[in-house]
Every structure is written in C-alpha cells, then in structure tokens.
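Consider the two complexes below, in which chain A is the common component and chain B and chain C are the respective partners.
Our next item is the complex of A and B:
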C-alpha cells in the first residue's frame, strides 16, 4: 500500500494501522489508549489526524482531479482516530495542519478536565504519558475554573497495586490487558459517563500477572504499591537486565535509588516476554534490601560468629583445606548462578582437585531437548501439550501459550518497534482452546483455557505419556492410564500430528523422573512436536551446558550431602531444614556457606561469605529455550558481598593462584572459547545459540527418584525469600499446604490453619488451603531450591497446629 | 604633581573625615540585610493548620544545579498527618557547602515550602554539620547549627546578628 504521510511517501503492508504509518514515516501523533500487543479500540480519541483517500468510480477507475490529472483525494468529513483506521491504497494522512493541531489540543484539554493536578506527589510524574502529551500537544493553560471530579484517591486494588480513581482517563488499557493477555477477567469499568471508574468484583486481583497494569497505565492511576513514594522517576538508576527468578529470560528494568532496589518494571524483549512479567518477578525483590542481609564474611569462633575480612576468611578456608584430600571437597552452587559463576566453580574444583562439583536443584535428565522449541515457536504453535503447572513454574510460558490460542502471528517490526496498533488483535478474541492440552496431577490454572485438561495420578505422567505414545504408534495402549477413551486419544494424537507446529512444554513433574522424561521425548517424536523443558531454576540449562557437573553420578549434590564430601562449599543452598542432613553438615570438617542471609545451613558453617542476589550480579544466563542473555548489576548497597567469581578470586589468591573465573572478565575469556562468541557483546535481546547436548558421557542424574503420594509444586514466588518479601506475602499468603476438603476433615484441618508438618522428614510451617482442584489423597507443598518439584512424603498424621483459623476469627 | 594637586587630595580626605562612617560594626551590631537576599533555607508550615507545606516531591532536588538537596518521601498517616495530602518528606536534607544559594529550589517548589531566608552565618567545623536536616530548617528554628549549639552550651538565646525587612514568601519566619 502506498501511503503519503504529510510530505513523505512510503510503502506499507496491507492491514497496517494509520498510526503506525505515521510513526513509520517519522512523524508523531499523541495517543493514550493504544498499546503494543493489545487491541486498538480508539477510546481516548487522542490520535486524531486528517485522513483522505482516492475513490473509484463504478467501473473501478480512480476518480481523477481534473486540474492535476492525479487521483482525487477525498478527505473524511471529520478527524479520524488513526489507531483504528487501516491504511488504504493512495491514502493521504495529514498530522501537521492547524485543524489537526487544534483537534489534538482540544482532546488534551478535554482529557485534562477531570485529571487532578497531582503531578508533584504522583509516582508517575516524570514518566507520565499524559504529562508528556500535555506538554507537547496541550494548550499550556487551563480554562477550567470549576471543581474537578472527586473520587477515591488511594484505593488498594490489592496489596501490590494502588488505584487512584481521580487520575484515571478511561483509556481501558488495564481492563483490556486482563482480558486479552492473561485471560483473567478481574477488572472492569463500573458506571457510565463521567462517573465511570475501574474496579473489581472480588477482593484483590486474583491473577499472576497483575503488576503489568502499572507499566501500561498512561497516567498515575495504577501504581506499584511496593514503590509508593519511594522516589521520583528521574531519580532512579535504571538497570536493563534479565530476571534470574525463573528460566524464562524475561527482560526487566531494575529501578534503584541510593543503593536500594525500589521497584522492578518489565523490560521489552519481543521474542521472550514481549512487555509482560509476572508478579513474582516484579514484586519479589524486597528481600534484596532486607536489613538482615550479610554484609561481611563471618568466621566461627566457638559457638558464635565473628565478622572478618575476606582475606582472613580465605586464609582460614585454605588452611583447613590444606589438611584435607582434595577429593573430599564438594562444591555446590544454586542453579540461578550465572555462567561466569559456573566457570568460577569449575576452576575452583580443578584447583582443589575434586570431581564433586554440582549445581542444584537439578533434575536427572538433560535440559537440552533433542528437538528444542523457542518461545516464539510456542506462541505460534497450532498444538500445545503442557505437562505440569506452567502458570506457577514459569509464568511467561503461560502468556505465550495464550498467544498461541489467539492464533495471531507475531507482528512485523517497524523502525519504531512492534506496531502500536496491531489491527489483527480484537477485544474478546475467540481462543482456539482445542489447541491446548494440559496434563498435570491436579487441576492447574491453565486447564480453564485448555480444550483437553487431563488430571493424572501422582507420578502417573510416565504411564500417560507411554499410553499416548502407544496410541500414536498404533500399538496397544494401557487404556486405564489414558484418562480418556481410546478414540478420543486417537483424535488428539491426530490433531497434534496434523498441526503445522506442535510444541510440548515439559514441566518439573515430568523432568523429576527420567522415565517420564524419556516417555515425553518419545511422544514428542511420535507426533512431531518440539520440546521446551522447564529448568527448576533460572540458569539450569546454562550450567549444564557449561558442565558444572560432577565427575560421577554419586558425587552429585545429594551425594555430597549424604557424606561423599568431608568439606563443603555451598553457594545459595540451604539444605539444613532436613534434620539428618543438618547433623551431617554439623559434622563436616569444613563447611563454607556463601549466601545472602544467615540461613539454617549458614548457622552450622565454619565460614559464611556474603553473597549477591540475582539483581546485583554481572554475567550471562541461558533461558529455557537456549537463549543467552546478559545479566547486569543494579547499584545496590550490599556491603562486601561478592558473587562466586569474587569468592574464587580471594580463595585462589589464598592458594597463590590466579584462577580462570576470578572475575567476570576472566570467566568470559573461558566462555568465549567454549561458546564461540563473547558473552560481553550480548545485547538486551540475547542470542539464540545452539550448543550440543551434554558432552560428557557419564550419567549424572540422581540415583534414586523421589517417591510419595504428596507433591512439591512450583510457586511463582521464591519460597526461600517469601518471608522477606512482606508485600508479596501479604498479597499471596504464606506458603501453603493445599489439599482436598474431604481429606482435611479427617485430620481436623481447616482452611487458614497454620500447622507444622514433616515433609520428607523435614519440619515445615505451612498454612492450610483447602481446594477442590487437588485430587483426594494428595497434598501439595511448595518446592524449594533444595527440594525441587516432584514427589514427596507428607505425614499428615503428624500435623501439629500452630494456630487455628477459627481462633483468629 | 603640584602643591595644588596635593591640596585637592587632602581636601577629599578632609571631607570624608566629617562624613558618617559606612563600616558596619558586625557582629556587635546587626547587619542590615536587603529583603531579597538569599541565605539559609526555611521550610515553611501552613500558618492555619501547622502542617508542613513540603510534600516531598523532590522537584527542588531536581532543579538544584549543585545537587545539594536530598529528599525521601513517605505516606502520611491520615490520623496524624505531617503535611497536607498523601505524601510528606520523611528526609529533607540540604548540604550548605554544596548549595550556591541560587534560589532555583524556591522557584521549583509547587507549594512554596522551601524559601531562602536571610541568615548567612553558616560557618561550622565539621562536614556533617553543614548538612541541614528538616529539624534545622523548619520554620521557627532560628540560627545556624553552630549558633544554636553555642546558645545551648551557654544557655543563652540564639543570637542572629542581622536585621532584614520581611518578605511575603517567608510566611511565619521572624527576624
């Protein structure tokens, strides 16, 4: 389509909106209601322009202007909202004439009629679209002398989001967002005309993705309650980085002020998280500023700890290690460590001469699928098989799956980025639910969007996958395991096979079992699906690729804890909740703990080293799709905290060695050789870089798989830090033990009770949540880095009540 | 040079001998300060309610060319508010060593909370004593930190050796 915007002619694809044509031509129109990735609705009437197009006569010939001989341009009788107008051949758009400027100025004035002059106290001030547009397009002077509309000023929509109803300009972005993006309709307009306000039917916002509305609100009506009044927008240091809270590789922006993280906003990565992040990532940062954080190394003196310098700590460690055989030393790092930290751990293990090096949590099977899919593949898939609870495990996947159900292919990119108004998107679009199959051992949130929800018994994934593979291969399946009729299963398999693109998302419940993982791979192969394997923590795939793995299966993390190591260096891990493990750790000849807080394990240690959170590290991470993404450090006041490269530097110096991996730079020199590119040169969007599957021949999976009738389930929040995230905890509640009401009755348990209960022998304090979504005979408890997603034993008969909900009431 | 020139010069000298001296006997006598002189800042209160005018918006800090101002805001307890509205300054600091007394903060302030007054005797001994906090600047506080310290040690009233006509912006500030 040939379009002329003011004086510039350009060629655009049919279906492009006029607003994108204007931006593509390098001109500007103001807008409030349009938002990339959401349907354009023309609610704010701000993007007005004068639009004309040539017409054809009855014979299909252009009507020609007699004077010029060119096709005559007929202008629309009124100004048009450019966001909802589609380009036409020969269209002429005028955004510069006086009529257009007057119309835009009028709209700004109209929008400002009822907008309070709160800017000095508004958290949006300085980053406000209305402020900017009023400055650029407004009159600069108010003609209204009468009183403005008065409504509720700070209405807590939830613990995490504050709504100021006076500031709302009714652009409907937030309402549309909930319906179109996560599909949780929790917000709507109430009343009409000037009385309109947004509100919820229920208390709070029951969704995992509520925080995004604070990013898209063009004014200061919806604000992040965790950063309320913490700083002005121009005072924040913005760090564009990648979240290490899960393996999605979501882009985030950390806003810090005077050494404190005040808020996290969504970054933009069109191929990963678009511009959305879940509430766990957005609001789960308060722990980084907790006053109890370790700021200096601690050395044990008798029963107490004493603060020490890094050099003293390193000298102590190297002296103790000198008396030990190198082979008896174990090094375990948490699987959200960066690749650079992985290189450092490897270098340290090499120096000491031990093969006992591992990252945890780690499932047995490899996280690099044979036929891997990307998130973009998932978003454009025509058949999606989900094994597990992705809404909690890796919420970004949940949103990409919902994109796939809409069936709208990723938009073309303009020079100004993704389209501001993608006219293919509509309000309340039909979703092809039949494309989605969700298989999990309990009713998960995504099942309401699935054409085929299948609840399998605990540990029954392998049998189901095997049965479906049998159906696909035409052999006799175990019909009991199918959970549906054979004909129905055959129909399903045919649908997957015939789909132009089928993607299987494999969650932790399956990955916890090597048999089930193999069965999933077999089914994927049989129906021609590619796979996305969900790592238990952010960089599981990266640490596997960079071989932070034991030399032998019995030297894995669990083996180290079980006694194969006499000296241990644990980074970020806290296994001491289990009393048996705690006893063994207490008997270690040397226990070095590198962590943010004085955890139960750290209390047993000889040396405690202060660690950095995922917001304070520089490095590289690998997302579940194999995308290498940069992690950048936000300016946070963390005392003398160091990441693992810093630990290795000081320890290496104590041994008189300059180790590879003594700094991020030196680790990157190693990575450059191994990966074939320089991680320092990664841009924010990252790099999809295929690497061969695990190179070492040894099997390094756990020797025995967990058993038990209960399940450790993934949570969107990080359970190890929930107690130090007060806002998030208030909004989402304490860590829960979920079970069926009928099971609860037998054990005198009531909704909201606080109980102490042994999970695999380790005491847990949990809040009882009764839910019909949980099958009878099953308990759901949260998974932690030390006890990842999978099966567990919960001794319900040993429940001790800490507090009864009835007493509180 | 002629004798006449010398006599002329002496004449000038002689003429000045009988003029009123312009020397100010500061600090024994107060310095006469002009109304629009820009000295130490005052943080004003609403005279009727006694609430602080400052809403912690940080616009003064944004306008400050010397980066001398630091503000942290917090939410008002509606039962016992510090300022009018939702927000108040929980920390308000001006570093008087950095400050160049340009008055941009006063111009930027949307509520007229920070106004440059007439006090100029800000000399002190330690760096940290030049950082004036809210309690050093709120209306009613007279004198620099050092003057108030000295007065407290001697048990006398704070003596500010200046006199200045009032200015409408300095609502509630007495001299």
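Our next item is the complex of A and C:
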C-alpha cells in the first residue's frame, strides 16, 4: 500500500495501522491507549490526525482531480484516531497542520482536566508518557478553574502494586492487559463516566504477572510498591541485562540508585519475553539489598568467625588443600552461575586435579533436546503439550503458550519496533483452547486454558507418556494410564500429528526421571513434536554444554555430599538443612562456602566467601531454548563480594598460578574457542546458537531417582530468598504445604496453620494451604536449589504445630 | 504461587438454586462462547428480586458464567440500575440533565432532599424511599422528570411532587403520567387507570 505521511511516501503491508505508518515515516504522533502487543481500542483519542484517501466511482475508476489529473484525495470530515484506522492505497496522512496540532492540544487539555499534576511527588515523573506528551503537544496552560475530581491516592491493589486513582487517565491498558496477555481478568473499570476508576474484587490480584501493568501505565497511577518513593527516574542507573531467576532468558532492566537495587522492570526482547516478566522476577530482588549480606570473607577461629581479607582466606584454603589429595576435593556451583563462572570452576578443578566438579540442581537427563524448539516456535505452535506446572516453573512459557492459543503469529518489525497498534489483535479474542494439552500430577493454573487437562498420579508421567506413544504407534496402550478413553487419546494424537507445528514443553516432574524423559522424547518423536526442556535453574543448559560436569557419575553433587569429597567448595548451595548431610559437612577437612548470606551450610564452613547475586555479575547465560544472552552487572554496593571468577583468581594466585577463568575476560577467551563466537559481543537480544550435542548427551545423573508420594513443586519465587523479599512474601505468603482439605482433616490441619514437618528427613517450616487442586493423598512442598522438583516423602504424621490459624467461627 | 481466589465462598443460599429453569432459559439465549453476555439478565433478576445485588450474588453470577467477580462488578457498577445496597420500596430518580435542569430539576432535587431528609444515594431508615440523581432519562420534552422505580412521572412540579410523596407514604402510588405516548405505553401498570392521572395529549414537543 502506498501511503503518504506529510511529505514522505512509503510502501506498507496491508493491515498496517496509520499510527505505525506515521512512525515508520519518521514522524511522531502522541498516544496513550495503544500499547505494543495489545489490541488498539481508540480510547484516548490522543493520536488524532487528518486522513484522506482517493475514492473510486461505481465502475471502479479513481475519481480524478480535474486540475491535476491525479486521483482526488477526499479527507475524512473529522480527525481520525490513527491507531484504529488501517492504511489504504493512496492514503494521505497529515500530522503537522495547524488543525491537527489544535486537535492534539485540545486532547491534552482534556486529558489533564482531572489529572492532579502532582509530578513533583510522583514516581513516574521524568519517565511519564503523559508528562512528555503534555510537554510536547500541550499548551502549558490550563483553563480549567473548577474543582478536579478527587479519588483515592494510595490504594493498594495488592501488596506489590499501589494505585493512585486520581492520576489514572482511563487508557484501559491495565484492564486490557489482564484479559489479553495472561488471560486472568482480575482488574476492571468500576463505575462510569467521570467517576470511573480501576478496581478489583479479587484479593491481591491473583495472577503471576501483575507487575507488568506498572510498566505499561502511561501515567503514575500504577506503581511498583517495592520502589515507591525510593528515587526519581533520572537518578537511577539502568542496567539492561538478562534475568537469572529462571531459564527463560527474560530481558530485564535493573534500576539502581546509590548502590542499591530499587526496582526491576521488564526489558524488551521480542523473541523471548516480548515486554512481560513475571512477578517473581520483578519483585524478587529485595534480598540483594538485605543488610545481612556478607561483605567480607570470614575465617573460622574456634567456634566463631572472624572477618579476613581475600588474601588471608585464599592462603588458608591453599594451605589446607596442600595437605589433601586433589581428587578428594569437590567443587559444586549453583546452576544459575554464568558460563564464565563455570569455566572458572573447571579451571580450579583442573588445577587441584579433581573430577569432582558439578553444578546443581541438575536432573539426570540432558537438557539439550534432540529436536529443540524455540520460544517463537512455541508461540506459533498449533499444538502444545505441556508436561508440568510451567506457570510456576518458568512463567514466561505460560505467556508464550497463551500467544499460541490466540494464533497471532509474531508481529512484523518496523524500524520503531513491533507495531504500536497491531490491528490483528482484538479485545476478547477467541482462544483455540483445543490446541493445548496440560499434563501434571495436580491441577495447575494453565489447565484452565487447556482443551485437555490430564491429572496423572504422582510419578505417573512415564506411564502416561508410554501409553500415548503406544497409541501413536498403533500398539496396545495401558488403558489405565491414559486417563481418558482410547478413542479420545487417538483423537489427541491425530491432532498433534496433523498440527503444522507441535511443541512439547517438558517440566521438572518429567525431567526428574530418566525413564519419563525418554518416554517424553519417544512421544515427541512419534507425533513429530519438537521439545523445550525446562532447566531447574537459569543456566542449567549452559553449564551442561560447557561441561561443568563430574568426570564420573558417582562424583556428582549428591556423591560429593554423600562422602566422596573430603574437602568441598560450594558456591550458592545450601545442603545443610538435611541433618545427615550437615553432620558430614561438619566433619569435612575443609569446607569453603561462597554465598550471599551466612546460610546453615556457611555456618559449618571453615571459610565463607562473599558472593554476588545474579544482578551483580557480568557474564553469559544460556536459556532453555539455547539462546546465549548477556548478563550485566548493576552498580550495587556489595562490599568485597566476588563471583566465582574472582574466587578462582585469588585461589590461583595463592597457588602461584594464573588460571583461565580468573576473570570474566579470561573465561571468555576460553569460551570463544569452545563456542566459536565471542560472548563479549552478544547484544541484548542474544544469539540462538546450536551447539552439537557433544558429551552433553551423556546422562551423568543421580543414580537413584527419588520416591515418595509427595511432590516438590516449582514456585515462581525463589524459596531460598523469600524470607528476605518482604513485599513478595507479604503478597504470596510463606512457603506452603498444599494438600487436599479431606487429607488435612485427618491430621488436624487447617488453612493458614504454621507447622514444622520433615520433608525427606529435613525439617521444614511451612504454612498449610488447603486446595481442591491437589489430589487426595498428595502433598505439595516447595522445591529449592538443594531439593529440586520431583518426588519426596513428607511425614505428615510428624507434623508439629508452630502456630494455629485463627479459627473463624 | 497459588492463584486461588482469595475469599470464602458465600454461605448464603444461592439465588438461582431454586430457579434452575429460569437460569437455563436465560443462558439458552446466548451461544456458548457468548455465555458471559448473560451477565445483564442475571444481574437484573437478582436486582429485581432483592432490590440490590450483594457481593455473594456477584460471586454466584461470576461462578455461573465462569468469570472473575471483578468483571461482574465492572458491568454492575456501570449501570445505575443495579445497587450494592438495598434501595427503598420507592426508588426516586431525579433527572438533572440540561432540559430538566432548565425546567427546575435542581429545585425539585432540593425539595426532595429537604422533604425526605436524604441526600443523593441514600435510603431512609424505614426502607421506604431512596433518592438518586441521574442523567437524562430521555423524556426531555416533559421535563422535569422523576422516575419512581420503573415508571416515569413527568412535569413534576413541587405540588405534584408533594402529592406523589403523600401517595407513596400511603402506599398508593398513582399510575405514571403518560403524556408523550411512545415509550411510556409499554410500561404496563397493573390495574392502573390511565385517564385518572394522565394528562392526555399529543405532547410531542421535544
């Protein structure tokens, strides 16, 4: 379509909105209600322009202007909202004339009539769309001499989001967001006309994706409660980086001020998280600023710790190591360490001469699928099979799956980014639920959106997958394991097979078992689906492909803890909750713990080294789809904290060696050779880079799979830090033990009780949550890095009440 | 974490428990994908029977239609027809938009406030009268207009208003005035003698 915007002519695809035409032509038009990835609704009337187009007569010939001989342009009688108007052949758009400017000025004035103009005390000030647009397009003077509307200014929509109802300009972005993006319609306009306000009846906004509305609100009406009144926008240092909270590779922006992280906003990566992040990523950062963080190394002197310098700590470690045989030393890092830290761990292991090096948590099976899918594949799939609870395990997947149900393929990209007004998107679009099958051992949130939810028994995934594979291969299935009639199973299989693109998402419940993982691969193969495997932590896939793995299965992390190592260096891991492990750790000849806090394990250590959080590291991570993404350090005051490359540097020096991996730069030299590209050159969008399945295909996994009738389930939040994230904790409550009400009755448990209960023999303090979503006889407890997703034993008969919920008569 | 609804289910008897036929009839008017459209008739059934729609009823309707309570509340609050708190037996709605305003609606409103000792939005202790100011009732030609429950009373002068109030206090509300023809004809008031109070006439002066 040929379109002329002011003086510039351009060629655009049919279906493009006029507002995108204007931006594509390099002009600007103000707007409030349109928002990338959401439907245009023409609510704010800010994007007005004068639009004209040629017309045809009855015979289909262009009506011609006699004077010029050109097709005559007929202008619409009124200004048009450019966001809801589609381009037409020969269209002429005028955004510069006086009439247009007057109309825009009028709209700014109208929008400001009831706006309190309290920018000096508003958190959005300096980064506010209304402020900017009023400045660019307004008159700078108000003629409104009457009383403004007064409404509530500090309304807590939830513990995480505060609403100022006076500032709201009723663009409806937040309301539409909940319906269109996560599909949880928990927010709505209440009342009408000048009295309209945003409100909810749902206590605490029950959705895992509420924080995004604070990003898209064009004014300061919706604010992130963790950062309220913490700083002005121009004072923040913005760090564009990748979240290490899960393996989605979501782009985030860390806003820090005077050495403290104040808030996290969603970054933009159209192929990964678009512009959305979950609440765990957004609000789960407060722990990084906790006053109890370790700032200097600690050395044990008798029963107490003394602060020491890094050199003293390193000298102590190297001296102790000198007296040990190298192969008795174990090194384990948490699976959200960067690739560079992985290289450092490998280099240190090589120096010491040990094969006992591992990352944890790590499932037995490889995280590199044979036929891998990308997140874009998932978002454009016509059949999706989900095994597990992705809304908690890797929430970004949940949103991409909902994209697939809408069936709107990725939007075109303009020079100004994705369309501001994508006219294919509508409010309340029909969702093709039949595309989605969700299989889990309890009722998970995503099942509400699934055409076919299947609840399998605990540990029953392998049998279900096997039975479905049999159906697909035409052999006799175990009908009992199908959970549905054979005809229906055949229908499902046919649907997956005939789908133009089928993607299977494999979560932790399946990956915890080698047998189930193989069965999943077999089913995927049988129906022609590609796979996404969900790593237990951010960089699981990266640490696997860069071989931060033991030389032998018995030297894995569990093996080290079980006694194969006499000396241990643990980075970010805290296995001491289990009493037997704690006893063995206490007996170690050398225990070095590298962590943010004085954890239970650190308390047993000889040396404690201050570590960096995922917000403070420079490095590289690999997401679940195999995308290499840069991690950048926000300027945070963390004392003398170092990541593992820093640890390896001083240790190497103590041994008189300059190790590879002694700095991020030196580690990258190694990575460049191994990967074939330089991680330092990655841009924010990252790089999908398929590494050959080298040794990574080999299963170096736990030799024994967990048993038990209970389940450790993934949570969106990081349980290990929940206590230090006060806002998130207030919003979501303490770590929960979830069970069916009928089971609770037998153990005198009530909703909200706080109890102590052994989980696999380790004591846990948990809050009882009764839920019909949990099958009878099952209880759900949170998974942690040291006790990842999978089966467990919960000794309900040993429950001790810490505090009873107030009985409501 | 858990995204379960945060509040207890209502313990009151569901409104539609003994009205399954009615419910089925209402739902049958809409295709399955448009089930949510039934929110209006369901709200209306409750409002008519209970003179308000309580939170428990909002939850019940949400449950029936598979919506969040917030959405039901959004619809309900949009219309001045639905009420959170019970309205009185006589729900007086005074139009104060332009035509009525010019014809003395503000004086009428002040008179009612004084007479009933109520302000906009209030219901008296007895539960007899509720007073509400509303926007244009679409009967501008016969301003000022007072709507009592579902009926219009037109050209309501102060004396007429006083007479109406007295009648309502005796529970003898007269039939509505039907001056304009048209819309009001469809308001059938059981047993009302139209010629008794109606100022008959063409009156299409709007």
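Keep this in mind: the second predicted complex is superposed on the first by the 801 of 809 C-alpha atoms of A that agree within 3 Å, B and C clash if a C-alpha of one lies under 4 Å from a C-alpha of the other, contacts with A are read in each partner's own complex, and residues count from 1 in each chain.
As a convention for this text, contacts are C-beta pairs under 8 Å (C-beta built on N, C-alpha and C of every residue); 3 or more make two chains touch, one makes a residue touch a chain.
Remember, predicted model here, so these are calculated numbers, not experimental data.
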Query raised in the report: Clash or fit: chain B and chain C on chain A?
Result: fit
Query raised in the report: Between chain B (first) and chain C (second), which does A:150 come into contact with in this model arrangement: first, second, both, or neither?
Result: neither
**Report entry** First (chain B), second (chain C), both or neither touched by A:190
**Finding:** second
Requested in this report: Determine, under the contact definition given at the top, whether A:658 touches first (chain B), second (chain C), both, or neither.
Outcome: neither
Query raised in the report: Which angle, to the nearest 10 degrees, do you get at the Cα centre of chain A between the Cα centres of chain B and chain C?
Result: 80
Requested in this report: Considering only the touch criterion stated at the top, classify A:235 as touching first (chain B), second (chain C), both, or neither.
Outcome: first
Query raised in the report: After superposition on the shared chain, which partner residues are touched by A:202: those of chain B (first), chain C (second), both, or neither?
Result: second
Report task. Please indicate which partner A:486 is in contact with in the superposed arrangement: first for chain B, second for chain C, both, or neither. Result -> neither
Report summary line: Winner on chain A touched-residue count between chain B and chain C: chain C
Query raised in the report: Measuring by CA atoms in the overlay, how small does the chain B-chain C distance get, in Å?
Result: 28
Query - chain B and chain C contact sites that coincide on chain A, given as residue numbers - result: none
Report task. Using the touch rule from the top, collect the residues of chain B that touch chain A in their complex. Result -> 55-59, 61-62, 72-75, 85-87, 110-111
Query raised in the report: Which residues of chain C touch chain A in the complex?
Result: 1-7, 33, 55, 58, 67-71, 73-74, 77-78
Report summary line: chain B partner, complex, touching residues on chain A are 120-121, 125, 153-154, 228-232, 234-235
Query - chain A to chain C touching residues, read off their complex - result: 184-192, 199-204, 206-208, 391-392, 430, 445, 715-717, 732-733, 736, 738, 769, 771, 773
